[in-house]
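For reference, the structures are reproduced in the following blocks.
Both complexes below contain chain A, partnered by chain B and then by chain C.
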Partner chain A sequence: MRLVLIGFGNLGRGLARALLDKGRALHSSYGLRTKVVAVVDEYGAAVDDGGVNLRRLLQIVEGGGQVPDYPGGKREKPAVEVIEEVEADVVFELTPTNIETGEPGLTHIQRAMRAGRHVITSNKGPLVVAFSELERLAEESEVEFRYSASVGGAIPVIDLAKNLLAGNEIRAIRGVLNGTTNYILTRMSKEGVPFDVVLREAQELGIAEKDPTLDVDGIDAACKVVILANAILGMDAKLADVKVTGIRNVTPEVTKLARETGYTVKLVGVAKPDLLEVAPKLVPLGHPLAVGGTLNAVTLEMDLAREISITGFGAGPRETASALIGDMISIHRSVGAR
Partner chain B sequence: MRLVLIGFGNLGRGLARALLDKGRALHSSYGLRTKVVAVVDEYGAAVDDGGVNLRRLLQIVEGGGQVPDYPGGKREKPAVEVIEEVEADVVFELTPTNIETGEPGLTHIQRAMRAGRHVITSNKGPLVVAFSELERLAEESEVEFRYSASVGGAIPVIDLAKNLLAGNEIRAIRGVLNGTTNYILTRMSKEGVPFDVVLREAQELGIAEKDPTLDVDGIDAACKVVILANAILGMDAKLADVKVTGIRNVTPEVTKLARETGYTVKLVGVAKPDLLEVAPKLVPLGHPLAVGGTLNAVTLEMDLAREISITGFGAGPRETASALIGDMISIHRSVGAR
Partner chain C sequence: MRVRIEMELEDVPGQLVKALEPISKFGANIQNVVHQRERKTPLGRVPVTVIFDVDDRERLDRILKELRDSGARITLVGEREGMVKKVVLLVGHIVHTNVRDTIDRVNSLEGVRISDLSLAMGGAGEESAARIIILADNEGRAEAALRLLDEIAAEKKLLVIKEM
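Presenting the complex of A and B:
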């Protein structure tokens, strides 16, 4: 399986490391041999039909270099050209999320599909902006399109709902979908410290970003609600359809009172056919959504199984690589089965 | 897909009801048409090549009748004869669990496989007694063998581990695998009531059985540890390999002290290559295993995704039907893909 990596930040490098670690196991367990034939970052490309030496490329980039510093690398080679010119089976789209335009990921994915490449992405932007268009394009182009890594990091909630719980009608999805806000709320609840103090500490620890708006105002969680609603409930939702309230107004008094009465405050995203919402909610202690720290959790409400919840780490390069590689194996299996 | 149901107790009737409810959806979503061509209980069989009328059979049995009271039903027709004589694609083995001999389920499953039928079971007995033999026989007989319903009720933990987290090396499994003991421990912890008082109430509510030994002494959980170890970790474990401690010695003082220090007491099953164990353990509040009531939860520990947990209702006819139907769709997909 010939792979192209578009984006070589934390996630791209995490995937490269996992591919190095897992190469042998993927072959022995699934008969899957992978070869990365091109890697692209914002400065240019490394292309090698015989396989890019990932160990060497990681050394270059982690030593402060750029992808085109790789031997034979091409400066200012646009990603779209690599996508169209380099013969490959799968394109990994791993550029940063832009929830306004979906770019540059949206164009990368469209070009890759039209060129007949299967696409795996962690990028919420294109999914929030053009979910149904991309699903349609994948179908027309007869390629597979997977985006497990876009919601819940390592948690394979979309495949859980669509494949493993296939006998069920899924009626509602509720989730703690943002690790940063969960960390902040957990610490506020445990230590009685105000929001802005915990936020500052989370920023120092690298758990919250310098501009924390997307996280603390619930927008990142709302993007995930949109993706879950579209992927699992078959809706055609956009970000503007989600009623969003963040956690800035949650006080230590509220978290303390909740705790004393057997509850905990969580930023919960809800996707139901008649409601898309993100807001702080009281969750009973002992409920699967009452997870602490940076954990994410999603509860699926169904007719037969009633409630199934899945919990795990919602971010991190290794965890995201788990989802990306899971998608790759899944494509290998379904393409192999044709 | 022609189906045979062996066993028509709570689980068999739950499956029949779910098949009635879901017939149309299974066809429209997956192109899967099902027909139950035989049902067997301990008194005899109902066989109908054109399809047993499940609604009618349910009325008969729920009105106090037996399966052979169905029009044309056969008294004292042994299950093994039905399994071998009635042409079918899938045999559902749903008889009660016997963890000493695995019978009668073990013989039913072996005969079904040798007759070329795919097998789906909820029965822990045959899996605890002869896991690797049955896996081998399925392979030799070129049939599919699924047993999602044997662990965790509606929770598809085996497929989660083997398919959705396929890129990961799974190193350990920890689980709250028995709903009855979880209910008892949750109530002891919340209300400070002693074990035997809560047990008696649980028996009155039908949550615990009259002879609660298998549950409260940890044996049911140990069976599930054996199945998880064999199915997910590729071990060849038997029940005798599991170190088992039940919950009889857990006092309200212990559960109270745990709670005051941010923990909760759970009966936890552990499966690791070097340890198979069931024992009461302290679990931090906010950890995915700290689920209350009759919920079950399983945490998988892996190299890439670190920890993924899945939670749901571990028992009940509807929940079990979710797992049985999920297995049936999975067989339909994998056989269809050949």
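Presenting the complex of A and C:
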């Protein structure tokens, strides 16, 4: 399987490391041999038909270099050209999220599909902006399209719902979908530390971004609600359809009042056919969604199985590589079965 | 849910204990018992009112069946008092925006009662938080109370945090 990586940040590098770790196992367990034939970042590309030496590329980039510093690298070679020119089976789209335009990911994904490449992405932007268009384009182009990593990091919630729970009518999806806000709420509740202080500490620890708006105001979680609604409930939802309230007004006193009656305050995303919402909610202590720290959790409500909940790490390069690699194996299987 | 039953018992020793036994046997929590010996019926029976909390309809039905089988004459089963309980948090300038008015407006709904209010006051000029416990006769009335709270909160710029 010939792979192209667009974006070599946290996730691109995490995936490269996982491919190095798992190379043998992928072959012995799944008969899957992978070769990364191109990697692109904002500055240019490393292209090697014989396979990019990932160890070498990681060294260069971790030493402060850029992808085109790789021997024979092509400075200013744009991703779209690489996508179209380099013969490949799968394109991984791992560039930064833009929730307004979906770019540059949206164009990368569209070009890749039109060129007949299967696509795996972690990027919420294109999914929030053009979910149904991309699903349709994948179908027309007869390619596979996977985006497990875009919601819940390592948690395989989309596959769980679509494959393992197939046959159920899924009536509601509720989830703690943002690790940063969950960390803030957990610390506020356990230690009584005010919002501003916890936020600053989270930023110092690298858990929260410099600009925390997307997380703290619930927008990141709302993006995930949109993706879950579209992917699992078959809706055609957009970000504007989600009623969003963030956690800026939640204080340690609020979490204390909740605790005294057996609840904890969580930022909960809800996807139901008649309601898309993100808001702070009272979750009973001991409920599967009452997870602490940066953990994520999702509960599916169905007609047959009733309730199933799943918990795990919602971010991190190694954790999210689990979803990317899983998608790749899943494509290998379904293409092999054709 | 909270249930109130009225029944008539024979005026012989041990009847009351016998009548209460099935109620606790099915895990219901007895809140109050009124034994009115001075209001004997013409047939010489004693009216008794029992108020208890029970988890679900099915258990209640089992309790009622057992009571009838034991010879109690049940004259009334009501589920009026505080059957549905909702916990709600409010955040914002709660006191400043007249918390009394907020409570009165919710209490003015039929079959709805605010049973508890806990305030955590912020510093001067800061936002406060409040926890309200609403008791309603049924789910529909509880939903109406929550909708009204949403309206009041929008008007008074308060954040409402509800149960999931």
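We take it that the second predicted complex is superposed on the first by the 338 of 338 C-alpha atoms of A that agree within 3 Å, B and C clash if a C-alpha of one lies under 4 Å from a C-alpha of the other, contacts with A are read in each partner's own complex, and residues count from 1 in each chain.
As a convention for this text, contacts are C-beta pairs under 8 Å (C-beta built on N, C-alpha and C of every residue); 3 or more make two chains touch, one makes a residue touch a chain.
All of these numbers come straight from a predicted model, not from anything done at the bench.
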{"item": "Partner chain(s) touched by A:265 [first = chain B, second = chain C, both, neither]", "value": "second"}
{"item": "First (chain B), second (chain C), both or neither touched by A:232", "value": "neither"}
{"item": "First (chain B), second (chain C), both or neither touched by A:22", "value": "first"}
{"item": "Partner chain(s) touched by A:154 [first = chain B, second = chain C, both, neither]", "value": "first"}
{"item": "First, second, both or neither for A:256, with chain B first and chain C second", "value": "second"}
{"item": "Partner chain(s) touched by A:309 [first = chain B, second = chain C, both, neither]", "value": "first"}
{"item": "Per-residue contact with chain A, leading partner among chain C and chain B", "value": "B"}
{"item": "Touched partner set for A:221, first chain B, second chain C, both or neither", "value": "neither"}
{"item": "Touched partner set for A:288, first chain B, second chain C, both or neither", "value": "first"}
{"item": "Chain A residues contacted in one complex by chain B, in the other by chain C", "value": "284, 287"}
{"item": "Contact footprint of chain C on chain A as seen in their complex", "value": "174, 245, 249-251, 253-254, 256-258, 260-261, 263, 265-266, 268, 279-284, 287, 289"}
{"item": "Chain B - residues contacting chain A, complex", "value": "18, 21-22, 25-26, 29-30, 154-156, 159-160, 163-169, 186, 264, 284-288, 290-293, 295, 297, 302-313, 318-319, 321-323, 325-326, 328-330, 337-338"}
{"item": "Chain A partner contacts - residues on chain C that touch it in the complex", "value": "87, 89, 91-92, 118, 120, 122, 127-131, 133, 159, 161-164"}
